[in-house]
Amino acid sequence: SYAKVDHHRELRNGYPEVIYSPGKTLDQIKGIVENMMKRSKGNILASRADRDVFEAIKSVTSDAIYYEAARSVVVKREEYKTTDDYILVVTAGTADIPVAEETAVTATVMGNQVKRLYDVGVAGIHRLLDNVAIINHAKTVIVVAGMEGALASVVGGLCDKPIIAVPTSIGYGANFGGISALLGMLTSCASGIAVVNIDNGFGAACMASKINKL
Amino acid sequence: SYAKVDHHRELRNGYPEVIYSPGKTLDQIKGIVENMMKRSKGNILASRADRDVFEAIKSVTSDAIYYEAARSVVVKREEYKTTDDYILVVTAGTADIPVAEETAVTATVMGNQVKRLYDVGVAGIHRLLDNVAIINHAKTVIVVAGMEGALASVVGGLCDKPIIAVPTSIGYGANFGGISALLGMLTSCASGIAVVNIDNGFGAACMASKINKL
Amino acid sequence: SYAKVDHHRELRNGYPEVIYSPGKTLDQIKGIVENMMKRSKGNILASRADRDVFEAIKSVTSDAIYYEAARSVVVKREEYKTTDDYILVVTAGTADIPVAEETAVTATVMGNQVKRLYDVGVAGIHRLLDNVAIINHAKTVIVVAGMEGALASVVGGLCDKPIIAVPTSIGYGANFGGISALLGMLTSCASGIAVVNIDNGFGAACMASKINKL
Amino acid sequence: SYAKVDHHRELRNGYPEVIYSPGKTLDQIKGIVENMMKRSKGNILASRADRDVFEAIKSVTSDAIYYEAARSVVVKREEYKTTDDYILVVTAGTADIPVAEETAVTATVMGNQVKRLYDVGVAGIHRLLDNVAIINHAKTVIVVAGMEGALASVVGGLCDKPIIAVPTSIGYGANFGGISALLGMLTSCASGIAVVNIDNGFGAACMASKINKL
Amino acid sequence: SYAKVDHHRELRNGYPEVIYSPGKTLDQIKGIVENMMKRSKGNILASRADRDVFEAIKSVTSDAIYYEAARSVVVKREEYKTTDDYILVVTAGTADIPVAEETAVTATVMGNQVKRLYDVGVAGIHRLLDNVAIINHAKTVIVVAGMEGALASVVGGLCDKPIIAVPTSIGYGANFGGISALLGMLTSCASGIAVVNIDNGFGAACMASKINKL
Amino acid sequence: SYAKVDHHRELRNGYPEVIYSPGKTLDQIKGIVENMMKRSKGNILASRADRDVFEAIKSVTSDAIYYEAARSVVVKREEYKTTDDYILVVTAGTADIPVAEETAVTATVMGNQVKRLYDVGVAGIHRLLDNVAIINHAKTVIVVAGMEGALASVVGGLCDKPIIAVPTSIGYGANFGGISALLGMLTSCASGIAVVNIDNGFGAACMASKINKL
Amino acid sequence: SYAKVDHHRELRNGYPEVIYSPGKTLDQIKGIVENMMKRSKGNILASRADRDVFEAIKSVTSDAIYYEAARSVVVKREEYKTTDDYILVVTAGTADIPVAEETAVTATVMGNQVKRLYDVGVAGIHRLLDNVAIINHAKTVIVVAGMEGALASVVGGLCDKPIIAVPTSIGYGANFGGISALLGMLTSCASGIAVVNIDNGFGAACMASKINKL
Amino acid sequence: SYAKVDHHRELRNGYPEVIYSPGKTLDQIKGIVENMMKRSKGNILASRADRDVFEAIKSVTSDAIYYEAARSVVVKREEYKTTDDYILVVTAGTADIPVAEETAVTATVMGNQVKRLYDVGVAGIHRLLDNVAIINHAKTVIVVAGMEGALASVVGGLCDKPIIAVPTSIGYGANFGGISALLGMLTSCASGIAVVNIDNGFGAACMASKINKL
């Protein structure tokens, strides 16, 4: 009654429903996991999960794995599939890594090959220019950046692949919890960039996975 | 001196620089068109162009065509290329059509097959449900919607293709010039959706074109 | 002196004053409950009450009941009345349930029949379409949704009953504590929808109760 | 192609689709009116219509009437129905009348009895207190107010009928185009109030009409 | 070096500098109190002081008194003066009392007669109408209200004394930490009202004290 | 029917209702003036009146005077009263003068002595320091300033009279139509300042007039 | 009386008071120019001046020159001084040129050598990298950019000179009149950047001039 | 992999990369410090460091020093250089000192002479006027102020040196975490002022250091 799991989502969207953990009680999360385990044989992902959520799921099934940096729990019942093409996850700074890891883990669980290129922000732009090849060989590029998010514009100017920009809430003051990066990415002078919600590593992975499997 | 046209953009990004008309004088626009005509043999696009801009470009070259609904000028020097796969442009209402046409014309000029599905907003959801096939056969779907932008979420729930959401400024009051649709699309409960700037039909076409040509 | 309880509110508004707990000391709450118990024989409701508030009221009267999911305390001195027509409370997700329960409990205490339909958000729209009958047989429908709040628009398009939309603060980033859902509901392309404050399950129940008793 | 008129809306929602004029070309509006005239025999309403829209519709059918204060066009092909119960439309000031008239005309066209009580704002509260009877005998009350919108709270405290509050953009400075009234109405200390978009006389009428016909 | 106490403020402004506690270390506060005790013989007030601040000041002088509800510390070295005319402090609800007490204590320490009228919000307007006499006999009226702050407008309509409105952060959701009350008070349809910062009981007392001593 | 003039306002508030012109038709304004002329013998003030409003009122009565800089019309049927004490109106710049004149004319019509001190903003602070005497001899001081509104804080630090701060919309960019001045005045480090709405010269005059007549 | 020209500003600030034209009547502007011409022999600058302002000043003195692109009038009574070091003005796009010209003309009038580097935005970053030498040989660099303002960050990463960033209002939608660029520049991941108001070419020139003359 | 330290930053920007501590794990910070110690012989600065960060760095090298008021850690491997000219750091109040100390320590580590002038806010303007000499003898002035930030404007009016304004988040209510000071400083009526992010003492020091070394 508290949850109507969407068992057909994989059919419609290409990947099953993911459990968004905040706002659910641990009992609700356990019940949803049990319900999903009965209805399918696939892997199950819980996002934005702190260690308590992991312990709760662990008490239901020993297949639970915790990706701490990504704050993600996977009930891993089969090997992850993979692809020849890769999704590239780029960050501006070290502090953006948790969001990037949420993206990378989600995309991996959804059966994609993923590569990472971290801490190449525009304050030292040679770090980016040294890596143009790995960017242009990706099938799609996810740019994760906080503060002013300028990295998305610079990558946008350098590459002919679709770019998914993830603004992060890293910063303070006029960053306003990620608004500066969000607005910067939405109004980028470069083109071929689309944006997901602040800190939404999950959503970027969904979009990238759909593109990667075209 | 007033413009450094980026003649390598097609090499890097897959399509040439587009002239963003607002804020430029008619003389500057004419100068840029002449400069681009000298350096390449391809088509030239000017976006957000009112009739004055069209007349100015027309005075430089008789190849200029005006797509009025899209507020776009094309200096058409060769036939548009096209693709087997199509980009689908969907609108919630009739008033969103100008933005949708900017998207459709831009994508067409960039060499893509484009289909249109207009006025299928969620207030009469059968209009959308009747058209699930054309949505799921597209390579990528652009959802153009104002007011609360709910159409993006509903399409997101129904389809396994990447979705590019374009919030429009259609609405009044708490719409705040498109903010309600923008925020709605960014925080959608559906996944696999990425968002461009308010009224940014051009940007959506760039992203879709990159995806369509993968 | 710290409180002038409005003992005529039932006469004027159809239901008695409800104690809004935040910002009051436990001693003030106890004093108000004692005062109200002296002046009337009816049930007393305290909203937004954490367990401390419940314990405080419990120390004054053993008739206190705690509805935990709804964060509501009732001093239950007579059976709740009920109605033939029902108010339907719908949620988009599991995480919206606390606000929905505040609505459901408040409406029940005010003497209404209440039905619940939870977790039918638009990301899996069949969950909603399967339940059109229970929606259209209600006297009024309360839609509780966070993130982009699109559920209100879709229900609005499907039903001829007055709809009260409750945006919730469920979400993150560009949700801005419920603003995305609030703006989405205010600017809905569907009609016959009115909106209450973010997370205001209480207010929705008051409005619905007035409608249900017409 | 530019419009998919929702011919079943009356069946689902209790009143037919209304033409929202802004953002549509006059040719589109004429086409929609012709299309609707072919498919039904009922009255047709176009909202937010300036005189140009009226002239355009008039060129299609001589049944067109212009309600100037309400900025509404009606293609009146049958007498308006009415009800025994009435909807009361209240305004705080004279400047709120255009929004109030949009509400009153819409509700009338939808077949409701409507009464008006204008210019009774709280700066001279005796004007309101003198009219408590007409308020409490209504089936539902629509409060139209700009500036700080305090009238909604005061009416809310005086009456046991559902109240639909319409914030208007009347005011300047920190009114921010109606935000002060909108926020005030959403956070009212009185209960049993629900709110529609700024200046949304139309939406208030839809909600009231649904309530009035229960 | 960390503080340049403004020892002439009483000469220029009519009351001495008040210590604003947040952001100062306890050692800094003690140092400032000691410095002020050396330079004058008058009372010293520290605002926004939690119990730690009180203990710190108490360790410097046994004359320290803690007004808990007002979160104010007074180093009371002489009796408070008083006036024949009184300042009236009115609140909308019980939860607004802490701000009202900050006002009342500050005004008292500054040598004014103060009267209180609490919990007379507009949801039950008879509570206010019963007290028109005490309002109109005051020299100036301070209205303290959260949520939508409508009380200021209603008092403004009833009284010929200058009104100082203090918006409070009481409320949730679209209250946005006091913005709804602040905007409502600034855009009031009543006149003769001026506003201070959200929760700024201190500032209201300063303004009222200046008026009361004219 | 379109207006319920508040003929008792002078009794309650000390000055009669003023006609706020925006949003009223010229016919409505004429009707209100005629109605007021019948019911009282006093002067009548219409604020925010452009020349059209003046001509309309002039067509009703030859007693109409237009104060252009103040955008105010007075139907002058008796000499303005005056007071021994004066209200001082101070501006930061030349561009703030229209708002200052609205204040000065309103206060004059309400029967107060008014003095002006214009263009003494803090960028050249000697202009203010040269005028400390005229400031401290006023009964109350109205500070009118746009941009960052710092003048209010500096005057606040120099004077023991109640200060009414009027933020103006003079400025651009991050001024956001007066928000920078408004927020600056509300959060001033000086005390004894209260604030009215952006550009609200009228409201400042009402407050000052009430203080001046205590 | 309407203006107290600050004749000592050159002594205190290093350059004389500049006339900010908006909000002043043409008569006031003429009066101020005449007053300044009497008190000093230097050049006089009026900023944000449209052609009407120029004509008005021209009617006072034939020394008036109009810099149209910069919307600046100079009463040129002596040759501009210059410096060995230069201030570099950089723009992201062609549409930012009006703000850049306001900066360049102001700095020139204040006696500085100025160089221009226009249309080198990050969407084609080679345009910037080709010009590193002219950037690093400047004494200070002014970066003028709209949209997301990323150019400031990239220049900040490349150069050891103080950078003054000027956000412009070029853009639409989520640009919000320059907010996206403003926030991006304030939260830049690069360091050694300080920001002036949106479109404030004048302010950037004042800051640069002070630095250039150190 | 988690960090690409920018070892050439000193060459390009004049000072080495600074470690921004928030969002980094202690292990990451230790790794970055070790990496930087291997690549250069200079001092290393970690900003926004709480005591945990200090302890972590201390475990790597005994050269770590903690500047508590500035929340800064320095790995001090050589004496700080200094300059003949000094940077002046001014604060409005005592509560602004932590931000001022971050500025002062950063500038000192970067090799500049620094002087401090604290608690000279405009509420007691004589405190500032008494110190005009130390202000005008500085090479550049950093003004650190919260609340309305008026101090920047007043200093701007008094001095011919470049001014870097740092808005702080000191204040409450309509301060909105520093927005009131930020907007005030951006829209200052004084000129020659540029602004950094709220609470960004670090950024102000970088800008000042670049200026001081010209």
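The letters A, B, C, D, E, F, G and H name the chains in turn, as written, and every chain counts its residues from 1.
Assume contacts are C-beta pairs under 8 Å (C-beta built on N, C-alpha and C of every residue); 3 or more make two chains touch, one makes a residue touch a chain.
None of the values given here were measured: they were computed from a predicted structure.
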| item | value |
| --- | --- |
| Comparison of E-H and C-D (more C-beta pairs in contact) | C-D |
| Distance between chain centroids, defined by C-alpha means - chain A, chain D (Å) | 45 |
| Cα-centroid distance, chain A relative to chain F, in whole angstrom | 56 |
| Inter-centroid spacing, chain H versus chain G (mean Cα positions, whole Å) | 26 |
| In chain C, residues with contacts to at least two other chains | 12, 93, 123-124, 156-158, 173-175, 182, 186-187, 191, 197-198 |
| Complete list of chain pairs which touch one another | A-B, A-C, A-G, A-H, B-C, B-D, B-G, C-D, C-E, D-E, D-F, E-F, E-H, F-G, F-H, G-H |
| Chain A residues touching chain B - in the complex, by the definition given at the top | 12-14, 18, 139-140, 156-164, 182, 186-187, 191-198, 202-204, 206-207, 209-211, 214 |
| Residue ranges of chain D in contact with chain F within the complex | 93-98, 116, 118-120, 123-124, 126-127, 170, 172-175 |
| Interfacial residue positions of chain F with respect to chain D in the complex | 1-4, 6, 8-9, 17, 20, 22-24, 28, 32, 167, 169, 177-178, 182, 197-200 |
| Residues of chain F touching chain H in the complex | 92-93, 121-125, 147-150, 153-154, 156-158, 171, 173-176, 179-191 |
